[in-house]
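Letters A, B, C and D mark the chains in the order given here, with residues in each chain numbered from 1 onward.
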Amino acid sequence: MIELVRVTKVFPNGVVALQDVNLFVDRGEFVFVVGPSGAGKSTLVKLLYREEVPTEGEVYVDGRDVARLRPGQVPPLRRQIGVVFQDFKLLPNKTAYDNVAFALEVIGASRREIRRRVPQALDLVGLRDRARAYPNQLSGGEQQRVALARAIVNNPWLLLADEPTGNLDPDTSWGIVRLLEEVNRRGTTVVMATHARHIVNAMQKRVIALRRGRVIRDEHHGRYVRDDDELSSLLEEMRAVVSP
Amino acid sequence: MIELVRVTKVFPNGVVALQDVNLFVDRGEFVFVVGPSGAGKSTLVKLLYREEVPTEGEVYVDGRDVARLRPGQVPPLRRQIGVVFQDFKLLPNKTAYDNVAFALEVIGASRREIRRRVPQALDLVGLRDRARAYPNQLSGGEQQRVALARAIVNNPWLLLADEPTGNLDPDTSWGIVRLLEEVNRRGTTVVMATHARHIVNAMQKRVIALRRGRVIRDEHHGRYVRDDDELSSLLEEMRAVVSP
Amino acid sequence: MIRALAYGTREALASLRRNSLMSLASVTTVAVCLTVLASTLLVAGNLDHLAAAVEAQVQIRVFIAEDATPETREALAKAVAGLEGVASVEVVTREEALERLREQFGSRRELLDAVEEMNPLRDSLEVAVARPEQVVPTAEVISRLQGVAEVNYGQVFVDKLFSVTRFVRWIGLGLVALLTVATVLIISNTVRLTVFARREEIGIMKLVGATDWFIRWPFLLEGLFLGMLGAGLTAGLTWQGYPWLVEQAERVVPFLPLLAGEAAREFVRRTNLVLVVLGAFLGAVGSTVSLRRFLRV
Amino acid sequence: MIRALAYGTREALASLRRNSLMSLASVTTVAVCLTVLASTLLVAGNLDHLAAAVEAQVQIRVFIAEDATPETREALAKAVAGLEGVASVEVVTREEALERLREQFGSRRELLDAVEEMNPLRDSLEVAVARPEQVVPTAEVISRLQGVAEVNYGQVFVDKLFSVTRFVRWIGLGLVALLTVATVLIISNTVRLTVFARREEIGIMKLVGATDWFIRWPFLLEGLFLGMLGAGLTAGLTWQGYPWLVEQAERVVPFLPLLAGEAAREFVRRTNLVLVVLGAFLGAVGSTVSLRRFLRV
């Protein structure tokens, strides 16, 4: 359960990243957050795991006002949330395996548990054979998938994925999205900020569109842009395919 | 002019990133490099500006065997090439403006020249108003565009763009691609590794497809995948749009 | 708890391996700092030892009344020996006193032949005290004993001597204090820099939900290991090096009272203990404290 | 060239500002190291000064033949004063010599009343030499002059004294050497860590086409500034602190010959010059050398 009440975020340098945002996401929902570059998608996501705190308004995650948490309450919050960061944020001194294991070590899982679940998670993102590679030995898309494996390995009730397919080819992207759908079906709330138009359109999930820090659209079974724009661009593409 | 002759790249940990790759790109061409995650696209690009050297074979850039350059000849090579790195590689301690200016300072441009060309470049990528922000104060897409501005600001004869639209929404992506096309029309050779299927398909440029380190396709007026796959997936999407 | 310890140790060792360049730099710095500190401690210890040796040479000379019999003389010697703080008493008869004087005159001793038969000197006691600061009160007490004609301990000279030894000890202490502060500052700065070099890592850990202690723990152990390793190097150096140096010095200045033998070994042992504790403490606490500003994520 | 200098300075200053935490840590470390080094230099300087003062008190006593007239005595004094290396000559008549002896005997001076009229002492010259090592050869030369009965400079004592002063100087030198090595190691380690913390930046610059010198230049200047700043702090401290310390010391041990006044100022001035040069050099060269391994991209 996520709720934003009249949230405004102004950065110290004066940039208004979010303005008067109201939002309610129920447990178990699958939500896309879309919008042009710099619209405030990442900022919205960062508010939820308290990398940022709102300048005004309240952010409730699982019923608690995130901005009012005492320092000691922040780690427990974050441990219930899986995050795929837009810039991955893998630990450079740990292998892919250890990066994923870290999310389990943090919650105090036993070594047996870790040995069981980490390979599973790496399997799910198709990286079992790259487990021993360090982040700087992985391709962009591989790093992104390690980040995803880390986010889902401890079965969080909330998964925040910030552009989780930006470095993936369409096929792999689809695999990842199906994985997210599966995770969602098992009860995890998924919030995914993305630019992948085709994925958003095909998934028929709730779409929240941001523009210059404001919510300009919030539709169930939504699409990346409004239908008419979408159709015309598809037609244009078809023409290109049919007559090279 | 770029030529790869029987290039193989095996990383110290045994991963074969490129295998027996032969390639010729003429001056002024616009080439897409596509392929699934981990196919070797970034490795191919890295060979061209000598971040990596081939294990076997030769890489010629502008007629010189890049692997055989003396250390002192590497900076001049790199200064003639603009690179948009997949992970941006912006200098964290410099503002957007200073990051772009750096590429000019490196070639010894005068301060007047710098003051003239940096704002122009930032304009082209739509970031003039974010010039004073540091990388950690920019959104993912904004950082990516700063990286692009840095790559084009000194009019390189070769532009290597590794996934330059991965963090951009479709509209902004198109703007960027048009910019690359414009740069190409002015004479710059452009090599762009990408997953943006629609862009590749619409652009009707040469497409080099990699798979597991091998070139599996090299077509002029190519597409992201073969036509029949493409058409069927488009039809599927249309259906989704027309009947929600 | 055991799991945390195991985890922390594993992480700390892995990090030492992965950041070997940084580890090397820190260990060297710690070792160098502590070596300098140890040298200063050893120099200060020797200065103190030297001052004590010089001070121990201060004696009280007690002239006995000319009419005293050998029996009163012995009785007085006994009484003085029984006083608190008196280390030793030696009886010097007037004949012995003249003999010493003769020796001092050296080649011109014929000068004293003239006074041989009349010998104007008196019997005396040479009294050594256990601790220098007891010279003045002890002399005071002795002067009030029966049969004592005069008490002499070279007041002016002793005052000078004591102010010099005090000064030398101060200098030693001052240097040790300076070096201790310097060591603390430098080691904690070094630790701060190594933590700084890994600030991103720390931020990432926090964002993934690690508690402060979960992050601190491996850093603490790593600092502990580094500090102890550096201190260990220093300890090995002083353990081997100090006796060698003393040996060299004794060849040049055999008459100087340097800390040597068992006493020296004991001193070096204690110094090394201090160093290892200090190194471990600075490493552990330093890295823990330095972490603080990067944990606010 | 001018553009490079301007660019480098701009970059170095910007980087100092942006990396203020790291800059602070390095400046502190440099300042602390150099302060310790400066203290050691000043202590060593004073030890040397002290040793020289003690050595300067060694004199040659020349006994004049008993049959010498006052004229030959004066002639001899002149001849000795003319010798190379002789700093001063004082004539001590036998009467003066007896007077001195009497003073030395203190309360027991009546002992000498007996020898008053026969005075067995001889006229003598007290010769001071300019440099301690001239004592032995000068005594040798004097002993061969006419009218000289005996030459005495307390051979055993002088040998001991010289080996002590030599030893003290060695200790001072040893400490200075140790501290210099330590300073070099610590500062270069610190610089290495600051460079390490920015290894990514350096890699990026290279990938964008910067030459090694283009990257090095700001780092070099930054190291130079940091080193000079740290040394400057130390210089200020010694410049103010040393005279104060000497003042304090002179209150406690006024008779000890410490480096003070103009000589001290000159010494501190020279020490500070060395420190600033050393700081600047270590900062500049340290950062340049540390860069090397990160430039291989």
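Note that contacts are C-beta pairs under 8 Å (C-beta built on N, C-alpha and C of every residue); 3 or more make two chains touch, one makes a residue touch a chain.
What you see is a predicted model; the values in this text were computed from it and never measured.
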Longest centre-to-centre distance from chain D, chain (CA-based): A
Chain C and chain D: spacing of chain centres that average the CA atoms, whole Å: 24
Between chain D and chain A, distance of the C-alpha-averaged centres to the nearest whole Å: 68
Centroid distance [mean C-alpha coordinates] between chain C and chain A, Å: 64
Multi-chain contact residues (two or more partners), chain A: none
Contacts with 2+ other chains: residues of chain C: none
Overall pattern in which the protein chains touch one another (line/ring/star/complete/other): ring
Chain pairs in mutual contact under the definition given at the outset: A-B, A-C, B-D, C-D
In the complex, chain C residues that touch chain D: 21-22, 25-26, 28-29, 32-33, 35-36, 39, 43, 107-108, 110-111, 114-115, 118, 120-121, 150, 152, 160, 163-164, 166-167, 170-171, 175, 178-179, 181-182, 185-186, 189-190, 192-194, 196-197, 249, 252-253, 255-256, 293
Partner chain B, residues of chain A touching it in the complex: 11, 13, 15, 34-38, 41-42, 86-87, 132-133, 137, 139-142, 145, 162-163, 166-173, 195, 197-198, 201-202, 204, 221, 223-224, 227, 230-231, 234, 236-238, 240-242, 244
Complex contact set, residues of chain D against chain B: 3, 7, 14-15, 18-19, 200-201, 204-212, 214, 297
Contact footprint of chain C on chain A as seen in their complex: 49, 51, 72, 75-79, 81, 83, 85, 89-93, 102-103, 105-108, 110, 150
